[in-house]
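Notes follow the structure.
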Amino acid sequence: MANSSKISRRNFMQQSALWAAAFAGAGSVLPGQAFAAREKELNILCWEGYNSAQVLDPFRTSKGATVKAESLTNDPTMINRLRAGETNVWDLINVNNPWARKVMHPEKLIKPLDRGRFEPFFGSMMPEFKAPYKWAMDEAGAELLGMAQRFGPYSYVVNTDKISRAAAEDQGWNLWNDPANAGKYGILESDDWNVFNICLIAGFDPFKVHSDDEVAKFTETAKRVFKGAKVVGDIATMNQSLIAGEIDFHMTGGTYSASPARADGHPEIRGITPKSGPMAGGKGGVAWIEITSTVNNPELSPLAADFLEYVQAPDIAHTVAFAEGTFNPVAQMGNPDCFKLFTAEQLDAIQWDSLAEEMGRCAEYDIVPDYDKLLDIMSAAKREASAG
Amino acid sequence: MAEASPILSLKSVRKMFGAHAAVDSIDLDIAEGEFFTIVGPSGSGKTTMLRMLAGMDTPTSGDILLRGERINDLPANKRPTCMVFQSLALFPHRTVGQNIEFPLKIRGEVPESRKARALQLMDLLRLPQSYYAKNVLKCSGGERQRVALARALAYDPQILFFDEPLSAIDYKLRKTLEKELKDIHRETKKTFVYITHSLEEAMVMSDRIGVMRAGKLVQVGTPHQIYSAPNTRFVSEFVGDVNVLPVSLDTDGRLHSRLTGARLKPPPVPEGFSEGHLVIRPEFLRFLAKAADADNAVSGRLYNEYVLGSRIQYQVRVGEGVFAVEKLRQQAFTGKLDDDVIIGWDAKDAILVTD
Amino acid sequence: MRLSQGGKSAIPVVLFLIVGFAAPLLAVIWFSFMPPRSFSFGGAPTLENYATIFQGTNYISFLWSLSLAVTAVALLALVCYPVAYGLVRVFGKWAMLLTLLFTIPLFVSENIRLYGWVLFLIKNGVLLGTLKSMFGLQLESILFSLPAIILGMVYVYLPFMLFPMTLGISMVPNETRDAAFDLGASRWQVFKEVELPLSMPGVVIGFLLTFVLAIGAIAEAKVLGGQRVIPITHDIEIAFTYSQNWPLGAALSVLLMLVVGVLVLLALRRFDLDTFLGRR
């Protein structure tokens, strides 16, 4: 307690950054106690799941640590929180695959991991994660930037009582090009993914710079797709509407969004990966892999690395896969000690039967170079659709 | 007084609230053009009675007749009567003019004739014409009284009811307004039915007064009758300070005062009287040089004196009892406090009441 | 110049107001002049964000927010006045219980209540499911439509119209009502000439309160409307989240504040509370 009242210059800078973030965020939640002795403290910025008590409590107990986790449901917001100065606040950031390698490392928002300590863990993961795993490494292939865990295909979800899995896979993104389907589908409010999907529906690869013609096509498609949507909402709304029969299918969805409904006794709700599509190799699905990295925090908590190690353990990896909210496959299922913890029901909830096959038909989530422009177009399309 | 056919008649009117009779079997005739005042303490049922007369309450039993027509169930807005409320109930969102014109507007009169009538009434009530567009809440207490009365007169009612409109007004203004109201009564020749808890107020204005107690009318009469011949101790005490002696009639025709032990010469004794109260007004008591100077005399000690404007009241202690004696200022008693005094009165000046 | 004792005592309050109220507001206003998609206060001020808004289609969202709010307020007025009137003048001893029933939902989060409505309105849900199984009626669901949004707004903001109105009506002195009736007015005339104007302060407060709340509404359009309608608040949210265009979000917020501020001032000018209360 001796130095508790001393305000160092750095402390002051951190405070200022926090104030700036608070003002600009206008209502965003600030984590408390962001700066004190860091040995017993860990702050995690993540997708939901890592912030659950099931995952955090054993770690808190064993380390006697104060662990705060804030969950958000889109990557750009989390990255921008770091850009806005919150690298002083967070120790770990958990986002989808391209961000560490392509954005956060070049912008020095994260710190590389100790390869000697962490690379061996990739050995017991599923085969496609063998070291050096592309999304965990920097562009040069020299630095290890994060650890992989949850992943999944994420294209669209259908109620197989209304549209068979085979028909949905065959028809692919053209489901949204069929005028007869207007009013029968929903759209999950994941606007970053919806940008990918509109590209795919329009018939071109999302993860590249788009020509004027493609942008025009995108604009037209976005208007049409949003106009035909019966409902735009969160995951709970999508699942409820699918089960109740308000909609037959919805876009942006996969094991991540369908698994809660499947675990709840609705096997007819199923994530679908199209057989083919406009991306390289004729792929039509998009998959995500979360990479968890240590933040370039000047006072990084030593617990950050410990936590990354902690979640590799088979039982904790299983807990992460089935933490509250959504249920997902984890790379650690490649380890038989971890895999055997999954019950038949749990495997069915995450569509284990078709997981490998679906991942094979997926391109991996990547940065859309002209995302800002496309998102603005899409937001306007959504607005214009509401004007009738 | 009510020889002319009555404008308003009450026949055994009763109003029950649960098991309690707020108004209990009242029979009363009020004559055309009369200024009739009902006096009673709070809770005596006078407001309930007035509300029934105005049509805001219906009697539980009995009949109310207006010129012989039964109006028990006629709602207030259909009765040719109008009430001036205790709170005045002016419309705070309206000007003086709009308040006065309200009944005319309701009746559908055109604005020009409404305004003409309003100005005429303002004249009658000595309200400056410039007040026509004034917000009613900006008027003084007395001005508001006049606006309320003008508004009621604009309705052109056959009977005007008043629910203690002067009770919240200071003494001096009240005295002025009491007289004004009596003048207005003369000028308009309408029937006024007024309720108040102040008999003094009633005396100033009324042709006749009805005293109410616990839902019943205990005495109805002219102010003079009520003053000089109260039929109960209750009525006598209502007029103001009085000396009340519990007495019983002795076999020799004299009264025995239990309080002072004195034996007194009575006023005319009613048939069958045995026990009751002797009421002596303070102004009928006088200081005596010797006991034989009056029909009745008692000895006591001058304890205190109070100056009441034109009169002075003396408190004289007689044994356990206290007598109030009043003199005009010019005839002030010359004794000092704590002097032994003899006070007395003539038998004819006292009133004997049973209750 | 020295501060009086009272002035000194006021310093904490003034500081609190500056830090807690004025500073965030000024920060938002300042941020609205920062270059698009920037994250610091240090950029060169620009009107670009406002230009983007005026050239774009955000006006659609503004119009939606305004018309939803106006519709909700109008419906609330129609629904609440009779209820408030009943609470004050008709229901007697039941008024207390009813007031409690209207208050209880306030203790449950708005989102949970709206999801409750989703379960009620959804196809095969409480309403349509019951109609189907009991009467064999098969009706179109109104969920994810404009009527559902308005229903949600009326439901959520009901207490904020009802209670000021109740207060307004209870402020009408009984004797003025009696007096008007006694002066020959019919029930309707008593209402029109006396009760309604005298209860206006409560009505106006209810209007302003619900209008300001309703124009800031977002959950109803999202949850019950299935985002079929995008109000301006949703545009602001998208700017701050998916778009990561905080300056644009700030500019939209500033415009919303301006619109609401101007409308409220105009309304207060038109319906001056003091005039209603007869204070001037």
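Order as written gives the chain letters A, B and C; numbering starts at 1 within each chain.
Throughout what follows, contacts are C-beta pairs under 8 Å (C-beta built on N, C-alpha and C of every residue); 3 or more make two chains touch, one makes a residue touch a chain.
These figures come from a predicted structure and were not determined experimentally.
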Most contacted chain pair (by C-beta pair count): A-C
Chain whose Cα centroid lies nearest the overall Cα centroid: C
Relative to subunit B, chain with the most remote C-alpha centre: A
Geometric centre distance via CA averages, subunit B-subunit A, whole Å: 88
Separation of subunit B from subunit C, taking each centre as the mean of its C-alpha atoms, in whole Å: 56
Intercentroid distance (Cα basis), subunit C paired with subunit A, Å: 35
Subunit A-facing residues of subunit C, complex: 23-24, 27-28, 31, 37, 39-41, 56-58, 60-61, 64, 115, 118-119, 122-125, 141, 143-144, 222-223, 226-230, 235, 238, 240-246, 249-250, 253
Contact set on subunit A toward subunit C in their complex: 20, 22-26, 28, 74, 76-77, 80, 83-84, 186-187, 189, 191-192, 229-233, 236-237, 240-241, 244-246, 372, 375-376, 379-380, 382-387
Subunit C - residues contacting subunit B, complex: 173, 175-176, 178-186, 189, 193-194, 197-198, 275-280
For the subunit B and subunit C complex, residues of the former touching the latter: 54-56, 75-77, 81-83, 85-87, 89-93, 102-103, 105-107, 135-137, 151-152, 155
